[in-house]
Every structure is written in structure tokens, then in C-alpha cells.
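Below, each structure is written out as C-alpha cells.
What follows is a pair of complexes built around chain A, which joins chain B in one and chain C in the other.
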Partner chain A sequence: MSAGVEPGALAPRALLARPRALAASLRAELFAGVFCLLVLLVIPPIANAFWLKACIAAVIAAISAGGGGLLYGRVGMVSLCQMSLVGVGGWICLRLGLGTSLPFPVLLVISGAVTALVGVFVGIPALRMTGLYFALVTLMAAGAFEVVFQTTGFPNGGAGPLGLISGFQARATMRRPAMAHSDAAFFRYAVVVAAIVFLLALLHLRTRPGRAWTAIRQSEAAALSCGVNVTLYRLWAFALASFGSGIAGALYVASVGSLDWGTVSARQSIVLFAAILMGGAYSLLGAVLAGALLELMPALFDTLNLSGNVVLILFGIGIVQVLATAPAGMAGQMKDGAMALRALALRKAARA
Partner chain B sequence: MPDLKPFIVSGIALGGVFSLSGVGMTVLYQATGVLNLAYGAIGATGALVGWELIGNGMSNWLAYAIAIGFAAALSTLYGVVFGPLLAGRDALVKAMATLGFALILLGACFWHWSDDPRVLDLPTTAETYDVGGLRVNLTQVLALVFAAVLTAGTALFLRKARTGVALRSLAEDREISAILGIRVRRVEATAWLVSGLICGLSGLLLANLVRLEAGTLTFLVIASLAACTVGRFRSLALTLAGGLAIGIIEAVATPFQTVSPYRSAAPFLVAILVLLALGWRKTIVISEQRR
Partner chain C sequence: MLEVDAVTVRFGGVRPLNAVALSFDRGTWGLIGPNGAGKTTFFNVLSGFVTPVSGTVSCFGDDLLAMSAHRRARWGMRRTFQQDQVIGELSVAGNIELALDHTRGRASAHGVEEVLDFVGLAELARTPGAKLNAMERRLIELARALAGSPRLVLLDEPAAGLSDSESVELGRLVAQVPERFGALVILIDHDMELVASTCEQTAVLDFGNVIASGRTGDVLRDPQVMQAYLGTEEAAA
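And now, the complex of A and B:
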């Protein structure tokens, strides 16, 4: 058998161990998450306007990466339409935000909930099939969403069901929440929302759904014979990831003001999957790293005057490399590195 | 009711190419277990190389040959390097790795050729015939002929030829085939080469029938994927039929204003409906444990 991790075949060490080790691993994740968030709270005072915008985008991307990572790392499903669902969330937030005066947190929740519903609708045809079929259906769904977004566009302040303006009216942009008008405040707002979504994911992982997902990933047949409702829990995971994507979409339109189909194209969904793999699909730290890769790396290339297409090539290499050699991504390598350091320190202490 | 005949003609041509690449993908999947999602990107790279060579003054036919050869070389290179590396892995992992290859090629194409839409003029397009009051050009005829001939030829090859039988046994079980003395790597490389040749050919045809732009061509793989899905990644004849049906549905929607902008979503809808029809009968499909 190969050394890599297959969805549905092998699990990271911590999850194969006893329940106490499982709780410890989750606690470590929680600490990692809190640490990351603290670091992120320090950023606004030191970053300039360009990097602050990139950091906002990275936090938002981390939310959608968290959903996709949960699907791949915990349940063994590959979804290639996460960015399309971000588009759905953005569409709903734009439509409601420009058409009504609902407070922003309400918009966030509605966007997330409706996107979860759309995700369930997309997922149902594929959930009874094998992993490869699910990936293909979501890829095709991403293609279909792209066609629809490209044709109908996103609401920009007009009347009518699609919320599109006609003629030469000025385009309206999405408002930000009242308490987060400046970029720095919006960054903090996004970090708090991301933390809440991550906590929701952690809560799932620590309770019944998390155990069911682990069982499904280890062996679908075994899970089924233990009485786990495989279809229900896979659908649940996909709905949760879609919920996160919807929230990310709503945050994105609030941060930028509008949405363009190119941002949520099928290609971007594939790039997001690449970033999830490279960051690490088994931990929330991986999701944060994926968000940083997705948004900060292009920004870095931009400031260095390098072609953005190099980023695309790097993501491609990243997918192949992670799948062939480093299944736990950068987060896994960092964890291994930290453990090696600790072992070294312990050995030194014992010798002294 | 608008006159649909011209649209049906262009639909058959487009569908023919979808079938062609669908057949290439199915053969590769059957033989190596790799669903090559980089198929569109490889074809696009080949076609762009051909376009560049023609721009540099090379004779057309030589440039087409090099374009097809380049696509085949890319496909074989990937197969030889990453095929054995990922051989023991899940079909999902293999497919996702080709997605990485697609991103690499796509980035390289955008980098070198930008994303300006171009059209590759094939000399066969200028050659038109009059069939029952319809104008049909040679490229359109060729698309259908290639699709039909290659589907039949591949099916025959898999049934009769020695390498074809070896390919089928590989599809069944890689390890046992190796024990029986089949040169697994060589046969797999042949599969990558053949599917690469088909890929280069369909890339050239699509660059003429649709347009020559890496992004568009890369994601046309989804349409061929839909054709494969209709054939359940097994039946070449059903793949051919599926590709043709998708092409015709897409083209016939053109004159109807309400659905016309959404017509490129046709492949996805067809594929999702087929998957629904296939999946509904089974309660659960447990991923195949091949070894």
C-alpha cells in the first residue's frame, strides 16, 4: 500500500489513536486557531492599505478553504464548486443588501443558510456515488454556475428579481456593516466571523457528526454496517461547507462592494482546492495557510512585478506535489517540524 | 420556429469532437485508472504551439502534425513520470493530480500566449459542400468522421490487437497483468500516447470550431467528461452518442433567445441527469477496492 492518505483509506495518526488523543489533537487545533487569530488581530496597525486589503481577502478565503478542507480531510469528499457557492452567497447578500435594509449579521446568516440549501440541492445527485463521481458532479456544477453567473451577472442596485440596473444608472455597491467601515475594522470583523465559523466546524468535529465523518472516511462499508446514515452525514458535511462558503461570499461582497463572475469561476474553485491541499486539509491551521496562499501569494507576486500566471503554475505544481508526497500539506509539515524540535529539546534536556 | 438544420450540422461537428476526446479519456481511464482532467489543457497547448509555428511561417500540415505530436508528448511525459508514482492510489487522487497538471499548462499558456481569443484557420474549413441545401464544411465532416472512425477503431483495437488486450487486462488488474508478463509500464505509456494523439487532434478541431484560447479549451474538458459520463466511463459507443447529443442540444439552443445564453451549460445538465438516472437505482456505491 502506498504511504499517502487516500480519502476514505487512511487517517492522520491522531484520529486513529484513542479518544483522549483525539480530544488533545482538537485542543491543539483550537490553540493553533486562537494563536492565528491573535496574530491576525495584530496585523491592521502594521500593514499598509494594500496588504490590509490582501489580508481581508485572505481571511475570507480561509473560511471557504476551511469548508473545502473539512470535506476533503475529514469526510474524504472532493468538492470542486466551493467558489461557485461563494458566488451564490455573494449573490444573495448583494440582492438582499441592496434591496433591503437588513442589518449585516442577518444578511450573513441568510446568505450562509440559503447557500447551504443550494449546496444540498447540488450535492443530492452525487452523494450516493463514489468520491470520483462527486468530484466530477461538483466540477460540472461549477461549470454550470459559471455560465449562469456570466450571463445574468450579479445584482448592482436595480429593481426586478435579478437586481440589475438598466441603461446608464450608477451602479450601487454593497454596504459594509455599520461598525466596520474602515479596512482595519472590517479586517477585525472578518476575523471574528471566521473564528465563529471555525468554532462551528470544531463543534461538529467534536460531536456526533465528526465521529460519523471519521467513520465514513475510514470505510464507507464499515460505517454503513455500524448504522451510520452515510448519505445524511455526507450531505450534512456538504451543507456545512456550503454554509461557510455562503458566509465567505457575503463577507467578500461587503469588503469589495461588488462581485465579478471571474472571481467565482470554475478555475478559481480548482485553485481553491489546490490551496487547500497545499495548506493542509486536516487542520484549521491548514485552512488559514490556504487562505494566505490564495490571496497573499498573488499580492506578493504583484508587488514583485511577476506575472500572476506563475501563481497558477505554482498551484498546479502544489497539487501534484502534495498528492504525491506530502498529504498533510504545509500544516502537516509544520506540525512534524515542531514535533522534531520538541523531541530534540527533550533529548537535550535529558542529557543535561 | 427557426430553421434548425444549420445548427444541427454545427452541433454534430462540435459533438463529434466532444465524443472524440471523450473516447480518448475513456480509453485512458480504462487502461490506467487515470481520469485525465488535463485533457483540454493538453489539447489547447498543442493547438497553440501549432498556431505559433504557422505564424512563424511553417507549412500548415507540418505544423498540425507537430501540434498533435506535442500534445501526445505532453500526455506521455505526464503518464511516464506520474503514472507509476500514483499507480497504487485511489482513482480520485489520480484525477486530482491531473487537475494540477491542467493548472500548470494553463498558467504556462496564459503566460506565453496571453488569453486573447484567436481562431485557428484550418484549410479544410474553406472547403464547403452543398448537402440538401445546407452548407457543410470539410472540418465539420472530418470531426464526425474522426469521431466515428476512431471510436470504432479503438473498440476493435481493444478487442483484437495484442496491445489492446493487454490494455484491457491492465484495466482489470494491474498487479496480475504484471505477473502474467505484460509490460505494464510500456502498455500504460502506449495508452497515454494514444490518448494524447486523440487529444491533440481534438484540440486542433476545437481551436477551429470554438476558438483558440487556453481557458476555454481547458474547460471544454467538462463537456467531454459529460460524454464519458453518458458512456459510464466504459462504453465507447455510448460515449460517442452522448457527445453527439450534447453537441446537438447545445447548438440547437442557439436560435432561442431565452435559453441561448445558457446553452453552454448543456453538457453539465445532460451529465447530471444521466448520473441521477444511474445513481437512483443503487442505494450506495462503495468505491471500488481494486487491490
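And now, the complex of A and C:
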């Protein structure tokens, strides 16, 4: 949740030796922290039930967008199966949440970890490909997941390995964490979880893996000749993004109570990638914007009585606009805008 | 000590390297030859980007061909490329940290400050790689190759695109590397003055074959070398 962070600028040790560098790097975190706090305090009291639900969905979407954005913006990998991995996380959380009485934070971590493992399993063969081929392999994986989700369904409280009810039993829905039953409380819970996941990503970007990923994105040959195990680091990035997707899936099922295959279809993965491009793949702020585009825009159209499909058309136009004029997405445009404003203010101040 | 024996590389019907046998003892070596002689392919074999169809490469007693490219880098094989590979989004210090991240025994290794001081660019530590000029890029690449515990440093046309005076400055630094960093250096360049002033010894490749190897002065006067590479006019000069 921070604006454009220079990846792996300096190791923490080097930063401590240079207070000014430390201050500059902390400004981004400070900004993100204030933003989180504002969101936590302001949104629940002013949003009605409809918008609160949309905001919860946007926070969750921002987490999966963060993973996809990290893969594309930092490592240069286009993954088109991020929503399938959200489905995997949701499946694990539903299965364990309905079948056991494990506390919710444990469910979150297990869902994230198992999804990371599944991601690695998909990633090992896929990472032999690069560029367009990698994107295609992940899209095919998304198609395969879609078929599996569609035919087996998601756990709904039954016994047996798939957790499905039989006959006329009532469907069970996923419980929320004890401390976050109401929508307002769950919204705050989701924001805190998102902040923790983003902090984990930031920790990666600022240190050794961040440097390795940046090198890989520019030149695999340079990375190799610096001793970077390119396959391992790409796999690591994929596992980290999958972990985020798994967490997002668990939050989603706790928020809504259940999951259906349409929510995590291959098509949704493509829409997510489009939103990442528009929001901006190079910063975590871009992920937040992508989450807002994905969930708040359709909600807005809903209140205006417009068809939700108009959003898809706007996404198409938006991508063309972004790719042609602003490769760093809306986050990049906002940063440029803020810099221009600052320059203007400084000039005014100098003249006064 | 680097021993290369009977190394052959085949790309389809072409043999960029044909049973190459060379031995580099220590210090700074030049590797010269006309375009297409197989110099860069030779570096690619050493650094693990190209797998030879036959032959052996052993360096300080270790079998290099048995290691993957990134393992060779960790072992102490460092190389630069004809086109500079400074990572634009990382700071200068970040570029060097990148190499240090994957170094064994980091505590005793040559650190960021040391290598930046060596190339005289300590004040650029926080500058983004993308903002460097051509000479700074070449120097940062050299610094990055020396960070950690380098044992074999391969420099592929490090002076390409530099002015004469910059080239001299770079050569002066490269010549100090064996003593200061304890590494064997091999330098590919088309600039004969740079090679002559920097390298005590030189090997010459032509169409994938070794045609000479030994003290730089002797090699550059070798009639076969002059005919293949320098042209006979310069022999008269």
C-alpha cells in the first residue's frame, strides 16, 4: 500500500548507515500506514451495508492484484491463473473451516501456505517457459482449475473428502473470525490482513529477492552471471503471489460464506490482470487501485442502474489508454501528478 | 590457473570453437581475434551459457563444466557482457549488493564500499543505474564483477564505446585486479593498445582455432597473428 518503491534500493544495513536514505524509504511506509488508518477509521461509519460489502471485496481483490502485480511489474511474468489460486485458497478455507474448529487466523495461514504449494506445483513446469508461453500455460492451468471447480463444486458442509452435502441437507456457510462478525469489523480485519500481506511483499522487494527479481526482469543473463538462481527466484515470486491469492480466497469465503466457480473462473483471472495493468503493476498503490476498479466500479454502476457488463467495455478502453499513454498505470499517473503539483507549489512559494 | 582442453562447440553445421586447448596461468590475459573468431563463445562456455559438445574446463582444480551458470558465479566466476548489463532500476550500491547476495563467505568478501572505492565511484552509491553514463556503467560492471570473492573475471569488450582516455583509465584499473583481488582476468577487446598495455599475456583465436598464445609482445609480432588479425600492413609498421 505504498507509492512507487524503488526495489531493493539498499540493504537495511546500508540504510542504517545513511539516515537520509532511511527517512526517504520510510516515507512510503508512513504514507501507506496513514492511508490504512484513514481507511480503517473513515469507511465503516460512512459506508452503508451495500458499499461496505463492496469495500470488503475491493480489499480482498487488492490482495490478489498485489500478487499478480508483483509477478508482472517486478519479475516480468504474466500470470493468468491468479483467480484460480484464489479459488484454491477458498476451497482449503471452506474445507477446513466447515470440517474443523480451527481458529480463523490459522485457517488463513494454512490456506495461504497450501495455495503457495499448489502454485509451486503449477509453477515448476510452467517456469520452463518465458514471456507469452508462460502466460499461455498459466491460462491453460486456469482453464483446468475452472473445470475442476465447476464439476466438483466447493465444500458446503458435508462429510467426505470434498466436503459436499448430499440430498436435502442444509448448506453450511463459512464462519467469520470471532472478532469480526459484523461487516464493519470484518472490513477492518481484511484491511489489517491486506496490510500484513503487503508488508511481507515489501520486505521481499526491499531486500535480496527484490534485487534478484529486478535483475531477472531486465536481463536473465546479467542475473545468472551475478549468481542468481533464476528458476528458484521466479518460483519464489510465484509462490509468494500464490500465498497472497490463497489468503484472498480465505478472506473471500469468510466474507461471503461460500464460493462458486464463476467467481474464480479463467475469465476472472484475465479481468484481474487487466485491472492490474490499469491500476499499475509497479507499485502496491496500483494493487489498491486495481482492487477498487474491480469491485467499486461495478458497485457504482449497480447504484446507477447500469449493466455490470459496461465495466468490461470500460476495462477494454482503459487498457488501451493505459498501454498507450501510461505504462505505470493509474498509480504512475497519480505519482506524476503529485510531483507536478509539488513542483507547482514550490514555484509559487519561491515567487511569493 | 585455468585449463581448457579440446573444447568444441557446434551450432548446427558451424563450429565456433574447434578443439580449443588453452591454459591461462595467472595475471591479466588478453583474448583477441577477428570478428567471429569465437571469443565470446569461449566466454559463454566458461560462464555456462553455452554447453560444449566435448572437452574439459578446469579452474583452480574445479571442473567448471559440471556447474550450472549461477553456481559458477557463486564459485567465483564473474563476467561482463559486450552490452552493458547495469540494472537500471537498482541503485549503484544495489547493483553491487545483487552480486554480493549470492557470494559465499560474504563477511570476508570484497564489499560495496571497497569495490566502489577501487573504481573511484563511491559518491554514486545511491544513484540509479539508469542515470549513469557509458564510462560509469563500464566501471560499475567492473566493480560488480569484483564484489564478493572473484576468482576468474571475464571482461567482454569492457572498453567498447569509451573514448581513448577513458579506455586507458579502464585498462589501468583492470591491470591492478589480479594483485588487489587475487583473480585471474581474461579480457576480450579489439583495442590493441588496451590489450598491449593491460595484458602480460595474450591468446589469439581465429575461426574457432587457437593460433597463438604467450607473452603479449611476442604474440602481437607473430606473423600468423598479424596475417589473421592485424593485417600485414601493420607488420611493416
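Here is the rule we use: the second predicted complex is superposed on the first by the 316 of 352 C-alpha atoms of A that agree within 3 Å, B and C clash if a C-alpha of one lies under 4 Å from a C-alpha of the other, contacts with A are read in each partner's own complex, and residues count from 1 in each chain.
The definition used in the following text is that a contact is a pair of C-beta atoms (placed from the backbone, for glycine too) under 8 Å apart; a residue touches a chain by one contact, two chains touch by 3 or more.
Computed from a predicted structure; not experimentally measured.
In the superposed model, A:Gly227 lies in contact with chain C only, and not with chain B. By the document's definition of touching, neither partner reaches A:Met330: not chain B, not chain C.
Looking at the shared chain after the overlay, A:Ile313 reaches chain B, while chain C stays out of its contact range. In the superposition on chain A, contact of A:Leu132 is made with chain B only, not with chain C.
In the superposition on chain A, contact of A:Arg208 is made with chain C only, not with chain B.
Within the superposed three-chain model, A:Gln218 lies in touch with chain C and out of touch with chain B [touch as defined at top]. Touching more residues of chain A than its counterpart among chain B and chain C is B. The residues of chain A shared by its contacts with chain B and with chain C are 6-9, 221, 224, 230. Chain B contributes residues 35, 37, 82, 85-86, 88-93, 95-97, 99-108, 110-111, 215, 218-219, 222, 225-226, 229, 261-262, 264-265, 267-269, 271-272, 275-276, 279-280, 282-288 to its touches with chain A in the complex. Of all residues in chain A, only 6-11, 14, 18, 21, 208, 211-212, 214-215, 217-219, 221-230 touch chain C in the complex they form.
Within the complex, the chain A residues that touch chain B are 1-2, 4, 6-9, 78, 80, 125-126, 128-133, 135-137, 139-141, 143-144, 147-148, 151, 220-221, 224, 230-231, 266-267, 270-271, 273-274, 277, 307, 309-320, 323-324.
Residue ranges on chain C touching chain A, taken from their complex, read 47-49, 69-71, 73-74, 78-81, 85, 87-91, 93-94, 97-99, 101-103, 112, 126, 128, 144, 148.
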